[in-house]
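Next come two complexes built around subunit A: one with subunit B, the other with subunit C.
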Partner chain A sequence: MEALIPFALNALTLISILLIVSMGMAIIFGLMNVINLAHGEFITIGAFTLVVVQTLGGNFWLALIAAPMVGYMIGLVLEKALIARIYENPLHAILVTWGLSLILQQVIQLIFGAAPQSVTGPFPGSIDVFGVAYPAYRLFLIAFALATFALTIAVFKKTRFGLDLRASIQSSEMASVMGVNPDKINARAFASGAALAALAGVLLAPLTAVTAFMGINYLARSFFVVLIGGAGSISGVAAGSGLIGSLETALSYEIPTTVAQALVLALAIVILRFRPQGILPA
Partner chain B sequence: MTTTTMPSALGRLTQRRKLGPAFIVAIVVVIVLAVLPAFAEGYALTSYRDVLLFALFALSLDLFWGKTGILSFGHATFFGLGAYGIAITAIHFEIDPSIVSLVGMLVGVGMAAGVALVVGYFILYGGVRGAYFTIVTLALTLIANHVAVGWPAVTGGDSGLIGVPPISIFGWTLADPISSYYLALTVLAACLFGSMWVMGGRLGLILTAIQDDEIKVRTLGYKTPFLLLMTFAASASMAAVAGGLYAAANGFVAPDMIALLLSTEVIIWVAVGGSGTLIGAVIGTAIVWWLQQKISSINASAWPIAIGSFFILLVLVFPKGPAAFVIDRIRHLRREEGADR
Partner chain C sequence: MLRVGKLTSGYGSAQILNGVDFELGAREVVAVLGRNGVGKTTFLKTIMGIVRSRSGSIQFDGRDIAKLATHEIALAGIGYVPQGRGIFEKLSVEENLLMGLRSDPEGKSEVPDFVYGKFPILAERKDQLAGTLSGGQKQQLAISRALCGNPKLLLLDEPSEGIQPNIVHEIGSFIRELVEGREISVLIVEQNLELIGLVADRFEIMVKGELVHRAPKSELGNEEMLADYLSV
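Coming up: the complex of A and B.
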């Protein structure tokens, strides 16, 4: 029983990371149906916002507020400049966002250098959970991810923006007849997805090596979280993160982490064969 | 009257496809490549040989992407499996040196075909097409790369494996630059003409039809997932041959032979030459390789940025490929000249 608590908490940490990383993906890919291979770079941008804020003397909390704004602005600009032209053709979306991803990676590396950046998170100590000491930051991460998840669902279900977005996804023509401007909604939705990814980047940064290529690790996993959870459903993200996160944590106890990640992705392909619509379809 | 002439018209159509301009270009290209060693030696020749093997790799992608319209983002997986197959067989097992490279090639190609069949079965029979196929194959390269880096006991981890013996066929070793160049050219020419011949026939027509409307083709009685799966496996095997020959010719394997950047680059080689033409893949590889020499010498970051920009330009400026873009422009200019007169 004693051994189960750290396992459960480790799994919950990974699930929370996947949850928050994949929420942006769920909006951009799951709801808007845009395959965004540059999603990982928005995570990187979030993490580097923390680097910049801390270099300038600011603290973690400031970055936690600044990163989503930076992500939103960059997302908005890129949507207007590039993404808005490729909604019709998924292959074009893949090529353009992949090109974007390569450029962003290199630009970030040119500015900040190749060496991993060091960042410090808040809450350095650990907290006693049922008799087991566990890093306080990870507990904060779990709570914060759950809160963000609840807030995102609330925005989708309860606000005007959520209603307009869901309407224009169901039928863009009908929504525009009813006075919803689809271009504006698409731009804001894409930017929100980017903002969520940047937020995830700040939260992740204290736990991993912050480099220009850190985002790619989360790209494929967040795609599979959304696909397995059921594209088009926000609650499916929780199911997908739960499955992939707990499996990966369980496997990492026995085999190297990279191989465990590989195995989980392979398993995800098998799951898609038998449940192409995901676990919790919309 | 019309009903009796139709089959012969169709027959002429397929025959003309075989001897089209692409075929003539292919013959010219192969002849040029065959006399090239007269003007190059040593290091330059080994570079050209590597370009030929990359061209073979590009050809394998064009065989699937160009003919079925489904983009595989994971072809480096198969190139890498071919390379690691021969390297692991030669280094970790004690096999008679006269046949070790043949056994290694078989292992690599077998692994690639096996992975393509299993993964292809799960996704193609699962009804996954288009963009989703691309994401799954992208994940495949990530998985393969994770394994290559995370399993150092077998794959050598980050540093890869050194000491892959050159190709040797029953004691006849093709180690020097000239013979390995001609080996690469022979394999490339055989695969190129073989693919053109097969795709110029019935299979090519059916695959084109699947691209247009898969449900209609299935209604006509063709097992479309099976045909797509077989094309995918053939394409993967060809990529593995390229990878195996590359590892043997250069004497080493490294994780960047099974990485996402290589999967990306091969898409560009095919796109520059114009996908679906087969010979275009070979020409595209040569052009991009030459460009890469120029651009990489500026800065290490310059090449990935150039690739990224190319992808964006490819979609926004010349969606039919740069070659078609240039041809369209020339036609456009000619038409304007004609209008002036």
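Coming up: the complex of A and C.
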């Protein structure tokens, strides 16, 4: 029983990061049919926002507010300049976002150097969870990520933007017949996805080595979360994150992490073979 | 109200409309008939900007809308109910109607009373997913949704398709009521002669992407002429 608690919490940490990262990707994929291979770089951008804020003397909380804004702005500019021109052709979308990913990685490395940056999170020390000491920061991360997920669902279900988004995911053409400007919805959705990824980057940064390439680690996983869950479906994202996050954590206890990741992705391919529409499609 | 001149459009290398001339007055209901594949649906889609026009003009309310994007055309005051109805199946009935309000010039945010008054079933099922409605109910929802935006022109593509005869009647009398009750014109593409007889002031016949014959409603009884143009 006592061994289960850290496992469950470790799994939850990964699941909650995957939740936030994948949600953005799922919305972009569901809406525009664009697999954004540069999505991971927005995680990196979020983490480096924390680096910059801390270098300038600011604290973690400031970065937690600033990073989604930075992610949103950069996402908006890139969407208008690049992504908006390639929706029609999925192959172009893959090549362009992949190229964009490489460029962003190199630009970040040019600015900040190749050495890993170190950042500090709030809440050093541990908290007792049912008799097991567990890092307080990770508990905060889980709670914050779940709250963000709940808030995103609320925006999706209850707001005007959320309704436009859900309608456009079902039929962009009918949404524009209703008077919704598809360019505007696409831009805002893409930028919101980027903002969520950047937020995940800040949350992740204190737990990992912050380098220009840290986002790649999450790209494949969140891509499979989206595919397994079902494109454009928020409940699918929850199911996919839960499955991939807990499996990977469980396997990592027995075998090297990289092998565990490979196994999980292999399993994802098997699942998609039998259920190509995902577990809970939109 | 609507004035279309020498309109051409199509998909890729296939030209479908080959110079359509058409006029629709205020509070007029005009039906377009024709065999399958002559371009009736493309005609409506081109007015709506879903299929881009290649040449010719589309004047609506004195304004050239041929180059506008679909959402701008919707905001200009044209409501469109496509073939197959275009319902958002995974939104609730009410959410579908709320989407219809997006093109309301006054920016209203609540479903107008007349919708639920006219179709009480939509009020009863407003929290249900629209995909669970029957074909006739979906058609009621689709027309109501288009009316939520308070359009000056309504484009209907085969509203009778897949619907029971008694509901066709109901929809026909509803369209007639609309035109008499408010400032709206209707352009309807339809195969069902009975529905055309119910709602239309006159009709035009499309052959190979052109409107070739215009006639008053009384000519609907001229079976020889109809057989000439419409029989396969």
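Just so we're on the same page, the second predicted complex is superposed on the first by the 280 of 282 C-alpha atoms of A that agree within 3 Å, B and C clash if a C-alpha of one lies under 4 Å from a C-alpha of the other, contacts with A are read in each partner's own complex, and residues count from 1 in each chain.
In the analysis below, a contact is a pair of C-beta atoms (placed from the backbone, for glycine too) under 8 Å apart; a residue touches a chain by one contact, two chains touch by 3 or more.
None of these values were measured; they are calculated from a predicted model.
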First, second, both or neither for A:Gly99, with subunit B first and subunit C second: first
Subunit B versus subunit C as contact partner of A:Ile111, first or second or both or neither: neither
Per-residue contact with subunit A, leading partner among subunit C and subunit B: B
Subunit B versus subunit C as contact partner of A:Phe223, first or second or both or neither: first
Contacts of A:Met178 with subunit B and subunit C, given as first, second, both or neither: second
Subunit B versus subunit C as contact partner of A:Gln170, first or second or both or neither: second
Touching partner for A:Ala150 - first (subunit B), second (subunit C), both, neither: neither
Partner chain(s) touched by A:Leu82 [first = subunit B, second = subunit C, both, neither]: first
Subunit A positions touched by subunit B in one structure and by subunit C in the second: none
In the complex with subunit A, residue positions of subunit C that touch it: 48, 50, 69-71, 74-75, 80, 82, 86, 88-91, 95, 98-100, 102-103, 145, 149
Subunit B partner contacts - residues on subunit A that touch it in the complex: 35, 37, 82, 85-86, 90-96, 98-103, 105-107, 109-110, 216, 220, 223-224, 227, 256-259, 261-262, 265-266, 268-270, 272-274, 276
For the subunit A and subunit C complex, residues of the former touching the latter: 163-164, 166-167, 170-171, 173-182, 282
Subunit B to subunit A touching residues, read off their complex: 71, 73, 119, 122-123, 125-128, 130-132, 134-136, 138-140, 142-144, 146-147, 149-151, 260, 264, 267, 301, 304-305, 307-312, 314-316, 319
